[in-house]
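Think of it as A, B, C, D, E, F, G and H in the order they're written, each chain with its own count starting at 1.
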Amino acid sequence: MRELFDQVRRGKLSPDDAVARLRHLPFEDLGFAKVDHHRALRVGMPEVIFGEGKSPAHLAAIFVKLAKHGGNILATRADEKQFAAVKKAVRGVEYRARARAIVLPRDQKKYGKGIIAVVSAGTSDIAVAEEAVVTAEMMGNAVQHLYDVGVAGIHRLLANRHSLAEARVVIVCAGMEGALPSVVGGLLGVPVIAVPTSVGYGAAFKGLAALLGMMNSCASNVSVVNIDNGFGAGYVASLINRV
Amino acid sequence: MRELFDQVRRGKLSPDDAVARLRHLPFEDLGFAKVDHHRALRVGMPEVIFGEGKSPAHLAAIFVKLAKHGGNILATRADEKQFAAVKKAVRGVEYRARARAIVLPRDQKKYGKGIIAVVSAGTSDIAVAEEAVVTAEMMGNAVQHLYDVGVAGIHRLLANRHSLAEARVVIVCAGMEGALPSVVGGLLGVPVIAVPTSVGYGAAFKGLAALLGMMNSCASNVSVVNIDNGFGAGYVASLINRV
Amino acid sequence: MRELFDQVRRGKLSPDDAVARLRHLPFEDLGFAKVDHHRALRVGMPEVIFGEGKSPAHLAAIFVKLAKHGGNILATRADEKQFAAVKKAVRGVEYRARARAIVLPRDQKKYGKGIIAVVSAGTSDIAVAEEAVVTAEMMGNAVQHLYDVGVAGIHRLLANRHSLAEARVVIVCAGMEGALPSVVGGLLGVPVIAVPTSVGYGAAFKGLAALLGMMNSCASNVSVVNIDNGFGAGYVASLINRV
Amino acid sequence: MRELFDQVRRGKLSPDDAVARLRHLPFEDLGFAKVDHHRALRVGMPEVIFGEGKSPAHLAAIFVKLAKHGGNILATRADEKQFAAVKKAVRGVEYRARARAIVLPRDQKKYGKGIIAVVSAGTSDIAVAEEAVVTAEMMGNAVQHLYDVGVAGIHRLLANRHSLAEARVVIVCAGMEGALPSVVGGLLGVPVIAVPTSVGYGAAFKGLAALLGMMNSCASNVSVVNIDNGFGAGYVASLINRV
Amino acid sequence: MRELFDQVRRGKLSPDDAVARLRHLPFEDLGFAKVDHHRALRVGMPEVIFGEGKSPAHLAAIFVKLAKHGGNILATRADEKQFAAVKKAVRGVEYRARARAIVLPRDQKKYGKGIIAVVSAGTSDIAVAEEAVVTAEMMGNAVQHLYDVGVAGIHRLLANRHSLAEARVVIVCAGMEGALPSVVGGLLGVPVIAVPTSVGYGAAFKGLAALLGMMNSCASNVSVVNIDNGFGAGYVASLINRV
Amino acid sequence: MRELFDQVRRGKLSPDDAVARLRHLPFEDLGFAKVDHHRALRVGMPEVIFGEGKSPAHLAAIFVKLAKHGGNILATRADEKQFAAVKKAVRGVEYRARARAIVLPRDQKKYGKGIIAVVSAGTSDIAVAEEAVVTAEMMGNAVQHLYDVGVAGIHRLLANRHSLAEARVVIVCAGMEGALPSVVGGLLGVPVIAVPTSVGYGAAFKGLAALLGMMNSCASNVSVVNIDNGFGAGYVASLINRV
Amino acid sequence: MRELFDQVRRGKLSPDDAVARLRHLPFEDLGFAKVDHHRALRVGMPEVIFGEGKSPAHLAAIFVKLAKHGGNILATRADEKQFAAVKKAVRGVEYRARARAIVLPRDQKKYGKGIIAVVSAGTSDIAVAEEAVVTAEMMGNAVQHLYDVGVAGIHRLLANRHSLAEARVVIVCAGMEGALPSVVGGLLGVPVIAVPTSVGYGAAFKGLAALLGMMNSCASNVSVVNIDNGFGAGYVASLINRV
Amino acid sequence: MRELFDQVRRGKLSPDDAVARLRHLPFEDLGFAKVDHHRALRVGMPEVIFGEGKSPAHLAAIFVKLAKHGGNILATRADEKQFAAVKKAVRGVEYRARARAIVLPRDQKKYGKGIIAVVSAGTSDIAVAEEAVVTAEMMGNAVQHLYDVGVAGIHRLLANRHSLAEARVVIVCAGMEGALPSVVGGLLGVPVIAVPTSVGYGAAFKGLAALLGMMNSCASNVSVVNIDNGFGAGYVASLINRV
């Protein structure tokens, strides 16, 4: 900005050109979506694509475009067919089946200063938990997980408590009544990111019960992201681990 | 019934009178409510009055009517003014302030075979918990309580776990995320009656979050009664303790 | 615990080993789920697997693991394909089609002291009712059922009332308006476990109407489990029948 | 209409005047509300005022205006203060306290051909039931009521079944789980108008549970009006009783 | 009942047999459902089967059972496959495709005293409207219909108003905002049965918007049945037309 | 109207015929739907068909009928199969794939006085945005669009702000939190029509979150249409652009 | 902006000062709220204050601050006490009681090109309608109103239809089922702004029923603002009337 | 723990005493609430009391008890009356009126490593924002605030963007549509804690609209706490600022 005015001052740039340049912001038009390459630079994070509902061809096209620039790329909610299309177009991509994620790991640097722990209540919550894990890994974090430690068998969680004690931030995924973040939150003195999952039936209302439970957590160190949003949890935790 | 037919058989009763008697069922008309004296006989339980919204005079009138027969009487959701009116009209009544209940304790017999434990998550849930306590006591049970042992400080619950181990049935009252019944249910092998309370604010939606949480409990020994329904929990627990 | 300290006292165990042993709790790692063999011991109940959404191979693997230990095994919400996979891997399993359950009945002992009655409002509620029946049977109870006695034909229920009179605890499954538990609850003096079912359309909202109706039951001996949760109802009833 | 064209034909009315007259419809302007005197003529019913939220003076002004024409007048949801204002302004008005209604009974004719029965589940539902009663009476019907016959004490309803057998149409008011209309509907072969009431607490959600229950009634002769809408039920029942 | 006592009196029946007979109520057991043949006798209506979700074989079996007794039979929510199965088993059945109904018309008597009008707002509501039509016809009523007269083109309804004027009761089916019953109700002085339909998208929430709209109708002669419940509307209207 | 009376006056028309003619309103009966040809004349707009759920043959039949009269025709929510059927029956129709619309463009006149801008938050909202675009075009408007300018990258919107500055009315489509209309509304001094889309997952509840967000917009120039209702937004915007 | 660069070019402004000035945007700090004086200039509208919940002193302070600049000022949701405080501090303010609005009318210019019509369904909706009226007037529009023309008496609306025919845009306020906008929308070819009101009880759910009804309007020219948001409707209508 | 075993080993402690000591956990009984003094030690945070609904005497008693130990004390949702009671009992307490908080500031140490920024959308959200501010301050953080920068005037936020750039974590409070966290989240690369407020009316549903909006934020660095939970946001932010 300052430089722009300097150039105008020094006569190297006309006022009209300066105004025009201000408008020339760094994104380019793919036709269907304006991809913002500077975003990674701005927030220091890799590019992320939400895969669900995108045709394999469309997803591959976005992947190719993004791959021209550096950094890791992560496509979430992606299935095997989408991966096949991307694999043909981009070298080095991997499919993380449990997390339903396509990754292009190019930047191995550890940006996070500590460990992120990812906890899940039941075995059905693991897909969401793994999405958080892969997100945190793509963002340069060391991750530990602790699965199937729901509150109805509280001794399992307590027996593994020591493995959580070293984490700088903890992600807790739970469906049904969504009680696990409160218990984990009460045990630890670090930020807990709660992820309600759509696991359950009947009055679970596709994650609503868990969401409301987590919003009302009696543990004060809990904040919440959207239902099944493992990515968001991994993203927020990564930012916390960088500060 | 059999007796009725016998009397008809023996000519002591005309068919018409028999039909008429069948219609003459045991309730009498107070004008505003048909009080069913045989109900106590039928289910072996004291009479109960829901006090909320009833004028002191109206409540006292019902109390007087019921007091003519034996057994304990319990008026729930009653305030000091209602108590004053009842006290003038009926000898021996007591006010249990924390439970907001008026009781007329006349039958000291212990009908329950074991102990009923009443657990609450926070100090604000105590009014509901006490309603469960007084209900269970009026129904002839030994009751133990354990208050303020919410899941965010799980060690408090665990430290007092032994006091729950002797109970034949446990009542758990919790507002906010309503997670406590799941944890208690997981620790014990007896039936757990969960009572969501309207404690909380915002997304607690006056007990809805707790209710949904409890309906989706991952502990299989949990069943649920209405929001703030301490009476219902005490009643169900008493029946279980009698079987 | 006491024994542990005794051993330390007697020098048979070093303090470090004692601490280590405290941590060594009884579960083993299957990779995808920590199966807790001591749970049956703890609560005196068989192992239960929630079948829905599990691949036949995955379900069979858990079944095999659990079958190494004694006691009954029950897989709920299981279909014919899952049964085929389990049948190949485990001898003696049976498929209860109406209840959509796979069972491995090995323990014929009657743990329950009385009869559990299972009542359903309509023919469409029978799948849920049967899940309750098979659960109660696997947990060692004598079960009687009474189906298709909805409140719009109240004489059917009344005509069969005697068959309920002997039960120590009653399970009532109903969809649509969910009114049956209130009527049954009013007729009997024992605990009633109400199961809302997702039967109905339009304003039934997949069981929400029945759930709300049951939560607000005017019969005080009613407590409620999740929509379509026949298993939970059978489990709670079994515990009550044991006390 | 035909007459209008005839007059034009016979030259007694100019075309322009005919058009003008067509526009001159029968209502007059009170300033705040266009009162339609012909409505009574059109549907053969008295005038009705919804009292809630109207100032005593405003209510009295409308009452006076309507009283200039014949027929009964009914103000629902009216309190003592509103009645005092109306009483000063209009001769012959009466206050029905339990129904919270002000009436001006001038037309004693019985328009209804049979009896309308009004049933309530609990004593708290009586205010709504009485609104239905007074509405039906003001519309020229013979009315019988049967109160406090909720489904948890089904024998009370059955014992009084004969009193319902003569009714041509039945109104059933119930809060909480709203199950009574289904049971009554199943017992009778006449139309049942169900009125959910806001009686209850917690998961009753101010009548929503009862409303949903009634919408899903398994008795096919049930139709439903708004929560606490005793007036609407009385109105519909009166129309049915006239056909 | 009186006769039973008389027989006991005259010694033709022992008291024990009398008690036994009282229990012997008129239904028989199909194994999966207790069919009540006396219901038709009791309410003077044909037998009705809810077809949705029933296997063709199951539906045919019930149909055969019911066909042994007299009167009309109606199966609602039935598809072509179910019809094929029934047609093989029962002579004289017909399929009403638009109403998705299977009928066995055997009783041509007109029980209804006047005309039932069935009105629909849009062309998509016709399936529900036709279910109401076929129900009313099977119950012995003359039926007139008026379709596609939604409120956004109010002149269409007004232009056909005369065809509604003769009806003794009117059924109005509407989805989306569900406003038509209010307008029709305001035009006529007879009972209006409103049927919300699940037609619409987005904030229509599968009929909830229409249901709420109809519950709050400003026309007092409107009562409401469940979403898409054309059968219930036809049933209630038939009862009204008989009184 | 005046003319009708004149003719009666001059004896050219009998009063009876005049009454009959009044009833003869301009629509004709297709059997399944009353198509109103004068509607276009009345509101000056083309005919529109809601394609979803209509069989290809049915849709083509309506299209043919409407095509006999002049003006543009638009079928929304139409798929390729429906288009194939229409194409065989009507010459000149086109399929706009992204908008899922079939159009018959015959009237090229620009009725709108300015430009309508259509803005979308994400790439997934484009289908809805395109429905708005094609609707506005069929109604004779110049349209500009600006896609993928969601609020999390506010600089993209700001950088393209100038392209919105010329619009007379702006349509904004957004799913998830639905925040874009508030930001756009705050930037501009013209009416903003907000369209919530069903894009999102979890707590988006199929557009409910976006709908509520838009209803509560802190920008006062925002009004809202139904979820995914691109057509309605295009329609309203076209009317505004004509005034 | 261009000017800023020019000044830098001509050396009249240093680059640093230019950057600083860019930051110096036109609002000033009241301590509790940043009032944006240029907003009126930007959108050509008067300043508006939302009065509800503000103390009289606080409201008066904001009023005084805004009054220093030109143009009309409008405070909505204001009561008599707030008006008294403002009246002491600012000369020329008026209180519009029915609209609960305080106005300072200083700019009499007519900015709107046509007439805005404001329609209400019932007398209870008038407060909201009047808020729309006063808003439109303060924004320089000619306004006509038509009150108490709800859909249950459709002839009243039709009889006054001519008064709506001249309007360029119509605002329709309705509570309960919220059906009026659909009927008005169908009669007219101009944009209709629908305002759901919180008028009603029971299943009206404080305006939710009306809101959903309006969102699903079958008239395509309807868009919706928040419940009771007469101000927003007046604002949007004013913008439409200016274009 | 290790020490306990050592003492047993060395014979200084009997096994029984060791077991007893394990049970003697560090909380003491106030009668109505078990206060946990070690909690501060465990999570390194001050004691916090939720003031709402507590009597002044009760609140003061808890305050006194807690004040015996070191560290800051914070009572949220407290009014002037409660403060008066506390002030009499505890020296050095202060009342933060805008935040409705009572504080006893004794520990001035800065535990936070950077700045916490607190942003609010409107002036009505300030009470919640101030609760977050005072919480963060009591927990030893430097706090900056930026109020009244809602999204409808996006330039205000952008103009003050530099003040947010230095923050390590940002709290954003917003009611109505709750869009501000998405915009702030998009501008910054640090964690954003979103607090929905109950500010708004109508379809805001007491914060539900804002809550849903924030849960669906298109900015990935946003996590959410309960409606009006300024305390929770301050607490989570403080933990993040410490890591």
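The rule is simple: a contact is a pair of C-beta atoms (placed from the backbone, for glycine too) under 8 Å apart; a residue touches a chain by one contact, two chains touch by 3 or more.
Worth saying up front: this structure is predicted, and the values here are computed from it rather than measured.
Student: Going by the touch criterion stated earlier, list every chain that contacts chain C and also contacts chain F.
Tutor: Common contact partners of chain C and chain F, which must touch each of the two, are A, D, E, H.
Student: By the touch rule set out at the top, what is the minimum number of steps from chain C to chain G?
Tutor: 2
Student: Tell me whether chain A and chain H, two copies of the same sequence, contact each other through the same residue numbers or different ones, using over half shared as the line for same.
Tutor: Over half of the interface numbering overlaps between copies: same.
Student: Most remote chain relative to chain E, going by C-alpha centroids?
Tutor: The most remote chain is H.
Student: Among the chains, which is located farthest from chain A on the basis of C-alpha centroids?
Tutor: Greatest centre separation from chain A goes to chain D.
Student: On a C-alpha centroid basis, what's the spacing between chain E and chain H, in Å?
Tutor: About 58 Å separates the centre of chain E from that of chain H.
Student: Which integer distance in Å separates the CA centroid of chain D from that of chain E?
Tutor: Distance between chain centres: 26 Å.
Student: Counting in whole Å, what is the centre-to-centre distance of chain B and chain E, each centre being its mean C-alpha position?
Tutor: Spacing between the chain centres: roughly 42 Å.
Student: Centroid from C-alpha atoms only, then distance chain D to chain G, rounded to Å. What do you get?
Tutor: 38
Student: Could you pull out the residues of chain C that touch at least 2 other chains?
Tutor: Residues 153, 202-204, 208, 211, 215-217, 220, 226-227 of chain C each touch two or more of the other chains.
Student: According to the definition already given, which pairs of chains are in contact?
Tutor: Here the touching pairs of chains are A-B, A-C, A-F, A-G, A-H, B-C, B-D, B-E, B-H, C-D, C-E, C-H, D-E, D-F, D-G, E-F, E-G, F-G, F-H, G-H.
Student: Going by the contact rule set out above, which residues of chain B touch chain H in the complex?
Tutor: These residues of chain B touch chain H: 123-124, 126, 147-149, 153, 155-156, 159, 162, 201-204.
Student: List the residues on chain C that touch chain B in their complex, please.
Tutor: Those in contact with chain B are residues 42-45, 48, 113-114, 168-169, 188-191, 193, 211, 215-217, 220-227, 231-233, 235-236, 239-241, 243.
Student: Okay, in this complex, where on chain G does chain H touch?
Tutor: Residue list for chain G touching chain H: 23, 25, 27, 32-34, 36, 39, 52-53, 196, 198, 206-208, 211, 226-229.
Student: Which residues of chain F touch chain H in the complex?
Tutor: Where chain F meets chain H, its residues are 121-122, 150-154, 158, 176-179, 182-183, 185-187, 200, 202-205, 208-210, 212-220.
Student: Spell out the part of chain G that touches chain A in their complex, as residue ranges.
Tutor: So the residues of chain G in touch with chain A come to 1-2, 5-6, 8-9, 11, 14-16, 18-19.
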